[in-house]
Each structure stands twice: as structure tokens, then as C-alpha cells.
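In what follows, subunit A forms one complex with subunit B and a second complex with subunit C.
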Partner chain A sequence: MEMFPLYAMNLLYTIATLGLIVLGLAVVFGFLGVMNMAHGEFIMIGAYSAVFVQQAGYYPLLAIPLALVVCAIVGWLVEWGIVRHLYRRPFDTLLATWGLAILMRKCIEIAFGRKYRSIDQILPGTVGFAGIDYPSYRLALMVAIALFFAALFIWYRRSNTGARIKAMMSNPELAAAVGIDTARLARGAFVFGTCSAGLAGVLMAPLVRVEPYMGIDYLLSSFFVLVVGGLGSIQGLVTGAAVIGGTNVSISTLSGATGGYLAVLLISIVFLWLKPNGIYSRG
Partner chain B sequence: MERRQFIQSSFTAALIAALGGVRWARAAETIKVGILIPLSGPAGLFGASSKNCALMAIDEVNAAGGILGRQIEPLFADVGGPPADAVQAAQKLWKAEGAEAFIGMHDSAVRGALVGVFRGQVPYVYTAVYEGGECAKGTYVLGETPTQQLQPVIPWLAEQKKVGKWYLIGNDYNWPRNTNAAAKDYIKASGGSVVGEEYLPFTVDNFDSNLAQIKKSGADAVLVTLVGGASVGFNRAFASFGLADNALRLGTLIEENTLMGIGAANSKDLYASGGYFRNIDTPEAKAFAEAYTKRFGKDAAVLNMMGESCYEGVKFLKALAEKAGSLKVADTEAAAEGTTYEGPRGKAVMHGRHVARNIYLAAANGAEFEVVKTFENVSPGSNCG
Partner chain C sequence: MVSARLALFAILLAVPLIWGSFTAYQLGLFLLYGIVAQGIALCWGRAGFLPLGQALFFGIGAYLGGGAMKFAGESWLVLSPLLVGACLVPALLAWAIGILVFNRQVGNGPYFALITLALSMLGLQLANSLEWLTGGFNGMTGIPGLPGIDSYGGLYYVIVPVLALTTLALAHLLRSPFGQLLSAIAQNEERLQFLGFRTSGFKALAFAISAGLAGIAGVLFAAHDGIVTPQSVGYLLSAELVIWTAVGGRSSLLGPVIGAVLIGYLTAELRDTFPYWEIVVASVFIVVVLRFPNGIAGLGERLSWLSRRSLPRQANPERDIAIAPLEREEGTTLSFQDVHVRMNGVRILNGLDLSIRARGIQCIIGPNGAGKTSAFNVLTGRLPATSGEIVWRGRPIAGRKPFRVARLGIARKFQVPSVFPDLTVGQNIDIALWANRLSFVQLFSLGAYRWRTAVLASLERLFPELADPSVLARELSLGQRQMLEFAMTNLVEPQLMLLDEPCAGLSTEETSRMIEAISALATEYGWAVLIIEHDMRVVERLSDHVYVLHLGARLAEGSMEAIKADEAVRAIYSGGSK
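On to the complex of A and B.
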């Protein structure tokens, strides 16, 4: 079983990256009830920030702040212009954000073309340990994601803003009556959601294919994770990522990728049927 | 003759002369050719280069007198979506706009649907790389078959690179399966063995478990029949795990766009086998590439074997029409065997609805291809009995 370290690393990598990818939608859907169909497109914007920086010849790490800034601006505008007016109308937000997704894809297509982009690896090579060779960039990414989630968890538990968000989620009217600026909190949460998506895109860009239609697959995976893990908590997100990612990787290793995808679909169906709020449901 | 009779007969004569003149003018009109290319959907990436190459060929043919003395008028339609939409688009060109022949560069699902619609009533030239076996009446296939792409290439690679343990990985549909079925024969004939075979659904974008399998199997050669984004993702991950140091990769649908997505750093020992690459070193191919850049600019859609096949399609259609004397299917069917034409790929000769042509084996050199071996006049195998 000398392959076990490699399988274990693959599992951890899948869970970590799934968590980062889904975080944005977990916040926006979980805390605000907004099914953001353009979630994948914010990831795409993050990836194209890396494309832009590389094309212009700037220092590669500048792509990260660029992605955050662009996604913050676009997220702010989207929340202010579209989403805020549709908070209690879930189907309308679904339609509106789907239209937004089409618009974003076409804009990127016009600006950058349809061709595939290759982001240069800033940390090439592999690290040898436990008898396997694992790509260095992936290791660094996994560590960064773990630290980020730990910090986020602690912040949410301990901070005043975290408390206010919990208040707003459990009873928005009472929270507003108590003096919490729910509109500002909601906008902040939405922007955080889009920025997380952008961060996922820019960090994953050297590892995945980059083209205007890349976002659609991420939306699908995010949906599976949220169905299983439940909305509105970081534990739910991590659990969902662990279950979906773990199932996919294990079944794929044992009986092929088709089996892995089938298992993910079956689990999602079972959860939708028996436990529609997921493992860690809100409230 | 009485005056009224005179007026009537001269009026009639004038009318007949006018009508005859109109018919004569119509005979010198254009010949409408439906050009079916993917402008949207997963293969939409190839739409721009396909259209450009088709336009180049049409202008060249028109400048030399057109087809059978009539200028070609292209009618483009988008067939990148589901087959039902493609059928509608093609029918519109055929019935409503009077297309007399079709040139198609699209996937096999669309081809199957179109063959069912045309039913051998209109000549239909299919130009894309595909799985072989298309024998419908009125259909003429220029696309490379798995036999062509692999029969000379696998033994050459096995001998030159000393590889014998092949891992086959592709997407799960008929083209990869047919390709692998053919590959197994050639691998065995060259003294090698197949150490793994996997088919992935199109939704997969994480290949870590597949790469672990490849490493475990000890393969020294990987035959990649993944398409599009999956090919890019797989090849990037393959190299990032350092597997390119131990195994070479051979792809039968890795063209310039895919290679750009894979990136120079991830393309070590990556080979592609096909009928056309932008960097083919023959005078015809270089002249073609220069003319393309001159006309469409440096930032135009990159030349690749999918787009360039549309150029071949137009040239073939002219050769076929000239040989048959018309574009009626009865005539083209009688004349098709032995039709030859020349283009950037070299010379092609039609046998059994498919063409024998040169096959190029190219190695990735950074983010560009470099042809390392040319196999001349490779037979497409026996597809139609």
C-alpha cells in the first residue's frame, strides 16, 4: 500500500480546494439566502486577474490583490444594483444572477478571447516525502487554505461582526430593531462571498484550465457540497466538502471517475430527499 | 401581318427574349455552399479559425474561376450546439436558402443527425478528425481516422523512444473508445502492452486519482484521448506531478489551442499525431500560414487542424465537382473514388469515401509544435467494406 500517502494527499487537496471554492457561495447562499448563479464567474474573474498580470508582465503575486479588488468592486455593484432588491425573491435572484453570469462570461470573452490560457507556475517542482512526490504549489496552497479557514472560524466565533451576522441570520427584523445595520452587513457578506470566489480563482489558476466558460463546473460542485453540508456555518461547509470530495476521490480511485461522479450524485439525491437542510442546518 | 398581330407577336418575342435573358443570367449566378461550423458550445473555440480558413479557400477557388464556372457563395451556420439545433440550421440552409453542397466541421453526434436529414440527397463533406466508419451515401470524409493517426506512429514511437507499457486514458464516448481499440492492435504489434485503460466523464476536472493509477502502473507512454478542457487539465496535472520525466504522452486531438492551455512548462515529451500543424515545414504549409497571418493578422484565431480542415473541405469540393461534372449526388458518387486535391497538408487521394494523406507526428517544443516525423500517404484503413 505504498500509494496510500498519495491517496491521502489527493483527498486532503480535494477537500481543501472544494472548501475554498464553495466558501463564497456558502456565505452568500447560507447567510443571505441568495443563490448566486454567477458564483463560478467570480472564480473566473479571479483566474483572469492572473492572466492579466501575466500578460502585462507584472510580478505574479500582484494577481491576488487585483482579483480581490475587482471582485469587491463588481460584487458591490451587483449587490447594490441587483441583489439587494431581490432578497425575498429567490427565483428572481436565480434568474438575475444567471443573466449576470452570461454577461460576465461574454465580457471576458470579448476582452480575452475564447482560447485557453496557461498561468505560469510560481512554485514549480515537487517535494518528496513518505515515498511520494507531491507538487510544491499544491502543498503551499493546502497550508494556506487551512490557515485561512482556521482564522475565519476563530474570527466568526469571537468577533462582534460575527455575532451581528448570527443575529441577522436568525432574526433579521429583531436585529434591525436592535440597531444592527442589516443592509450594510448583508452587502459586506455578499462582497466577502464574491471576493472569496475571486481568491479561489486566482489561487487555483496555475492548476486548472482557464477559459471564459470555466466557472460553470464550479457552480455545480458548490451546489453538491452545500446540499450535503448545509448552509450557514463553516463546519457545514467543511463537512460538505469532506463528504463530497472524499466520496469522489475514494470511489474514483477504486472504480473509476464515472463511479465517483455517480456516488456524488447519489449522495446529493439522498440528502435532498431525506435531509434537505444538510448535516449542519442553519438555526 | 395585321398591326395587332404584329404588336402581339413582337411583344411575345420580346417577353421570351427577356425571360431567356433572365434565365441566362441565373445560370451564371453563384453556387451556394453550406458551411457548418461550431460557433458556440464546447467546440466554439474552433469556430473562428474554421471560418477564416473556409473564407481563404473560397476566395482562392473563386479567383480561379469558382466551381464549374460559378462563384462560391458561402452560407455559414452554427452547429456547435445539440444535434437538434444543428439539424434545424442545416435544413434552413438547404431548403430555404438553396445550398447545393455542405461542408461540415463538427462532432460526430451532429454528423449522425445531419446524415439522417440529408439522406444522400446533397453532397456532404465531413472534415473533422473522427472515429472512422462513416459510409452514408453522399458523404465524403476528409477527417483523420484512428487507423491513420496511430498505425505508423505507435511503432515509430515504440522503437525510437523505447516505450512498451502504454496507458490509455480518454473521455467516455465513441471516439476515444474506437481510437483505443485500434491502438491496442498497434501496441501489441509493436511489442508493447497495455497497462491501463480509463474512460472519464466530461465533468471530471480533477485527475489526481488517474495520475496515481498511471504512476502505479509503471507506464512509460500514455495515449491521451481526452478532449478540450479535460485534455488541458490532465496534461497540466500530469507534468506538475513530475510524471513527464518517466512517461511520454501521445495525443490524437492535441492541437495548437490545447497546447497553449497546457503551457510550455508542462509539455515535456508531449507528442501529437494529426494531419495538420501550423508549423509544418513544407513550402505549401508555410505559404498557407503566412497568407493566413497576412489576411487575418497576428492576433487572429490560431491555426489548428480543426480550422484548417475547412480549407481542405472547400478545395476537395472543387476537385470533386470538377471530376464529377456537377454537384448532383448521383454524379459525385460515381466520381468520388480517386478524387485528388492538394493543400497545405500535401496531397490527398480519396478511397472508399476517406482520404489517404500525410500524417505528421509533432513534438511540443515549448508552447509550439515541431514536426519530428512525416508519414507519407497513410491509408485511412478500411472503413466502408
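On to the complex of A and C.
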């Protein structure tokens, strides 16, 4: 009977981390209509911030502000230099950010080399409950993600900025006409997206393989979550993460990583085929 | 252009003699990648959708070709059918994927690109894990190559002619109606659907052709390298292929080959000595996307003396093949039966009942928001009906896709004229003529450019503005675009023509001529016309029967005199109490 609680915890952990990973892509695609192909590379920057802090021997949690600052600066520059010019050409933003992804991978490769890195655990050890021992860091991470999402949800519902974003999404011209600075708001949304990706990178770094080419996996799994969950609601995002994460964990346990990946891909194609606007769409 | 291409191929054939066979061997690899890039350019530069995982098909071709060569040994008899299969499998796979994705996704959003990328990732994983089939991480080794052809010598003289053949075949394809339809898809896929074209089929076919090209290149690659590793299916190669295509020029035939040879060769040379090279390439790619969509080939055209003449436009062939009118069954009846449409809690149509008569011109009027255009949308499959039924000639058609409705003889002109802006007037007319007529074989022959019909002759008489077929549609005035779209709606020879404010944006004189044209064509060819119109003078002059819509339902119908006398209609138009 030890299997079930462990499986359930792994599932919850996968959903929570997937939710954090997809958040940035969902914000940028949902609010701005921009498919940021370099999303995974911002996660990679976050992870390499942790590598840098560890190499320099600083306190590990310093990686969080470092990643946020780096991702904010890079995100700001990218929005200013590339994405801003392409809001009316969504297909070209896909290509330009794809080029950016290659650029970022190569820069990191030159700075840190191509080899795999690992990050020391911040919270080593396990916590025992329900007959299993579960890694403390994973537990802490899950709680932190849940709190982060709750805060975000309340802020989006209550704040003025949330209302402005909703206005910009439903009618950008009218929003601009009533005095909302949509250009600034769009830049803010883009930078928020890159920063949340960077944060995800730092937090995930101790648990995954850190290497220059790690981003593509995160991009694709985020994309799958968006396909299943649809755009525009936290509810959809969590459901998407649950479907994709659940399938991946279950099938991978039974038949290996390739099987899990294949199942996720098939589910995404089925969703594109039957429910192109996500699980909560009608028709 | 033709002489430039000939010169290029002459130089390619001379490479082994001038620079030696080792250079030719290295060059051969990038010529193969160039063939793959040509396929990407067909999808991306022409049809407007981007395959981001093209290495998958290259790799499948390579593995299948390599396996076939190992199996067949020295026997061409056994090998040739296997190699044909190795090229066809990727094409069929791509066709299936294309049908699956394009049937649901109209337009060129990111979904297709990311799905192909994910498939390429899956291919990489499978190639790594299926060791018994692919040799796993170390790859499939000991491939003997093509019988009797030395991989380091003779194979180059196979690769260059294959490249010449693919270039010729693609050049023909792009000139053919199929190529013109792909351009139209990239510009305005929805318009094609409302003309009755099943665009997903064309896109899937283009994708299949591109995958077939990748498969051919893959087979030759297996012979060339003698080893196939999982990298040949992976996303890194896919990404490089897209970059080469972009930098070389996605709208050109040889641009992608130039891109592959130039960037690919330089990358292979500089990767180890100059670590910043790939950063340079990625930056160039971003700049190309932002500023130079046609890459090196586009720059070359801009610089060359050719550009000082007017843009090279396809000569319009004489239209000298008379095509018989489409045979349509007699009798047109259309009825909306209690149709409701609700979107996000808003009632757009609220129990609409309408019976449209078989012939003649009928008008729909009503205040803004009455549901006039929505009635057209739900009829032509642009808007789903929440409940109720629409019956066309005894058949229920609510919820059918736009192209299926169009094929039943219902043509539509939009409120804001919807044409193919970067095609010429002549090409726009071609496409309308082809709707519901073009057979699969005619798709690839040039004869269809010479078609003319009786309706076209009538239209040319009525609209001398459209006489010059070489003007780009985007250069027309709003009124002329209205006329062009109206002409296209007529050319499909519908049984029922839906016109949404056909006189919007026209001058008084043009309005008169449009009215005359509508009435002349409807009388001459006997099709029913349903018009949404705000201008009561137009309604009065055209229509013998008027429907009044209000709040998503029918308020009144009858002759113009009866409508004018109707108390309820006067109330909504003059703002009186209801």
C-alpha cells in the first residue's frame, strides 16, 4: 500500500511544477497572442542562475533575485527590440523567438559549456507521512507554487491591473482610447512571462538535468498543457497540467519515457482535432 | 532566371573537376539539405504554414533507405522498389498528419508548427530507443551505398541531377493552378473555403510533397554518409533547415539551396574554430525574419537590374478554352426553421424563420444588430446554430463546413470585400472559375489558365474596371475590390448568391452599375439573389420581395409597398414606440 500515496504525491508534484512552467507561456500567448518559442530558454536561464550562484559559492536562494533580474532585462530587451514590432504578425513572432531561443542556447553554451550540471539540494532529507518518505524540497516547492498561484489569482481578480489586462485582451483599440497604456501593459505582461519562466528554472534546477538544450522539453510540455487546457483561465491551466502531467506520469511508470511522451503527443493531437480551443470550450 | 539556373547547374557539375572530389563530396551533403529546404520553402513561402520538424521525414527516408541498401546489397532490381517506398512512406505520413491537423485548424497559427516540432522530438526518442531497428544512439552503420556508385565520387553526379529534377518539378508545380491555390491559401484561406475549396486537402498535399522531397534527400544521405544516426531525425537539424530556408529565401526555388550550402558549409567549417559563429547565424536569422522576409534570394532580386523594370508578372495567357456552364439541378428553396444562435449569453438569432423563394432578387433589411449578417454566417457555416435547422433543397445543412455549403451552390460576397490581395485580378478570376470545376489532374496542368465562360464574358462587359488582368488586387480601389469580389461570386455560378451590402463604398454612378449588373446577371442566368442592404433606394430598385429582420427574428416580409406601410417596421425605423 505504499505505492498509491507515492504515486499520488508524484502526480501532484508534476501538476504543480507543470503549472509553474506553463504560466509564463500561457500569459504571453493568452494576453498578447505571441507564441514565445524561447520560453524554455528563459527557464534555462533561471536554472543557470542557480548554477552561477553555486559556482560562485553564494547563498543558494540568491539565485532567485538574480534570475528575475536577468530574465526581466532580457525579456524587456526582447519585447522592445523584436516582439513589439511583430504584434500584428503573430507568425513572425514565432520565428523570431525561435531564432532567439537558438541564440540564447548558444550564448549559454559558450559561457558554461555543453556538459550537464547538477545543483545541490537546498532542503536535503525527506518528510515521512502516510507511510512514505517524500523529499522535503519537493514538498516545499509544491506548497510554494500553490501559494503563488493563489496570490496571483486573487491579484488578477481584484487589482486594477488585472482589469486593464482584461480590457486590453478584449478590445485593444478601445482600451487605448480610454487611456490604458497598452504598449506598457503588453511589455509588462511579456516581462512577467519571462520572469515567471526564470523563477520556474531556479526552483526546478535542483531536481532536473541542467544543460543548454533543456528548454525545448519545457516549451513542448507547456504547449501541450495549453492545447488541452485552452487559454484564458487558471482553471483550464490546472486541468491541462493535470491531464498532461497525469498521462505522462502514469504511462511513463508503466511503459517508459518514450511511451509517456507518445501518449502526451497523441492526447494533444486528439484535442487539436476535437476541441481546438481546449477542454472548456463548447462545440 | 532560366539562364541563371542553367549556369548554376553547369557550375555544380564542374565542381569535382575544378575543386576535386572531396569538396564535391562535402558539397553533396549540403545540396541534399538544400532539397529538404526546398520542400520547407514550398510549405512556408508558398502555402504559409511552417513545418518545424522536417528532419523527421529526412530521417525516416534515411533509415528506410539505409535499411533497404543493407538488405538488397548489390541488386538494383530488389533495391529500386524499396527505395521508392522509402521516399513514399514519409510523404504518406506527412499527408496523414496534415489531414489530421489542417482539417481542424484553419489559418496558419502556431499549432501546426509546434505539432511537427513535437513529432520530430518523438522521432528522436524512438530512433534512440528502438535499438533493434535503428541501431540506437550509435546509429545504423555499414550502409553499402547505391550499387555500383561510389559514395565519394559518382554519387555527386546523382545528387546534382536529382536537385535539378526537384527544382524543375517544383517550378512547374508553382506555375500550375495548385501553386496559385497555395499562394491563395497563404493570403486568404477563408475566401477559398467560401468558394468551395477544401483547403486542408491542398495544404496536406503540399506538406506531403515537402516530406517526399525530404525522403528522397534522406535516402541519398544514407548512401552518401554510410551511417544514419538519431541526429538525422532530431529537432536541431530541423531548426537548422528552417534557418537555411529563411536566410536563403523562402519564396524562391534555389534560395533555400543557396542558404543550405552557404550557411551549412560555413557552419561545418567554422563551428570548431570560431565559437561565436552560431550566434552570428541566429542573429542573422532574427534580422531576416524582422526585415528581409525573402532572404538572400530577395536581396539578389532587389539588387539586380531586373528590379528596375516593373515586377516580373506572369504573362496572362489568352482565355481561349470555352467551358460549359455548371449543371445545376432546378429549383432553389431555402428555409430557416426556428434558428437560434447564442454566443456568450448574447442572443444573436432568436428563432429566425425565413423561406427564400426560388428565383429573383430578394432583400433583407433591418436595423444594426438585427442579425442580418449573422443569418448569412450561420447559413454558410461560419457560425454554429445553437438550435433549429436550415434546409436547402430538402437537405438539412446547418453546421456544415463553409466549403461544403459552397459546393451545394451557395456563394457569398462579404461585407468587407474579401479577395486575394497579392494575386492579380486575372489570378483572382482564375480561382473563382476553378471552384467546383477543377479536377485533380487539371490541378497540375496549365490548361486551366485559359478557361473562359459565358458568365465571365458578361462580367467583362459589365465591369470594364476589371479589364486589366495584371493589376494586383491590393492596388484596386475599394469600389473595384467590391466589383472583383462580386465577379468572383458570380463566376462560381451559384444557385443562390448571398450579397452582403454590395454597394457599400461605391459612388452613385458605380452603385447604379452594380444594381444593373446584379439584375442583369440574375435575369440572364436565373440564379436567386439574397441581398443585405441599408440603402432603401437600392432595395426599391432591385427587389420584388423584402424581409425585415429585428432582434434576431423576422419582423415582416412582402413587397416594398407593403413593408413601407407596415406599422411594426415603421416603429423600429422611426424610433416610435413598439
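Methods note: the second predicted complex is superposed on the first by the 271 of 283 C-alpha atoms of A that agree within 3 Å, B and C clash if a C-alpha of one lies under 4 Å from a C-alpha of the other, contacts with A are read in each partner's own complex, and residues count from 1 in each chain.
Here is the rule we go by: a contact is a pair of C-beta atoms (placed from the backbone, for glycine too) under 8 Å apart; a residue touches a chain by one contact, two chains touch by 3 or more.
Computed from a predicted model, the values in this text were never measured in an experiment.
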Simultaneous placement of subunit C and subunit B on subunit A, clash or fit: clash
First (subunit B), second (subunit C), both or neither touched by A:165: neither
Touched partner set for A:207, first subunit B, second subunit C, both or neither: first
First, second, both or neither for A:216, with subunit B first and subunit C second: second
Which superposed partner A:249 touches (first subunit B, second subunit C, both, neither): first
Which superposed partner A:257 touches (first subunit B, second subunit C, both, neither): both
Which of subunit B and subunit C A:133 touches, first, second, both or neither: first
First, second, both or neither for A:90, with subunit B first and subunit C second: second
Touching partner for A:23 - first (subunit B), second (subunit C), both, neither: neither
Offending stretch of subunit C which, after superposing on A, collides with subunit B (from 20-28, 92-100, 110-118 or 182-190): 20-28
Overlap of subunit C and subunit B interfaces on subunit A (superposed complexes): 217, 220, 256-258, 261
Residue numbers on subunit C that touch subunit A, as the complex places them: 48, 50, 52, 100-101, 103-105, 108-111, 113-115, 117-119, 121-122, 125-126, 129, 235-236, 239, 242-243, 246, 275-276, 278-279, 281-283, 285-286, 289-290, 384
Of all residues in subunit A, those that touch subunit C in their complex: 35, 82, 85-86, 90-92, 94-96, 98-100, 102-103, 106-107, 110, 213, 216-217, 220, 223-224, 227, 256-258, 261-262, 265, 268-269, 272-274, 276, 283
Residues on subunit A engaged by subunit B in the complex (per definition of touch): 3, 6-7, 10, 13-14, 114-121, 124-126, 133-135, 137-138, 207-211, 214, 217, 220, 248-249, 252-253, 256-258, 260-261
Partner subunit A, residues of subunit B touching it in the complex: 44-45, 48, 172, 198-201, 203-206, 208-210, 212-213, 215-216, 229, 232-233, 236-237, 240-242, 257-258, 260-266, 301-302, 367
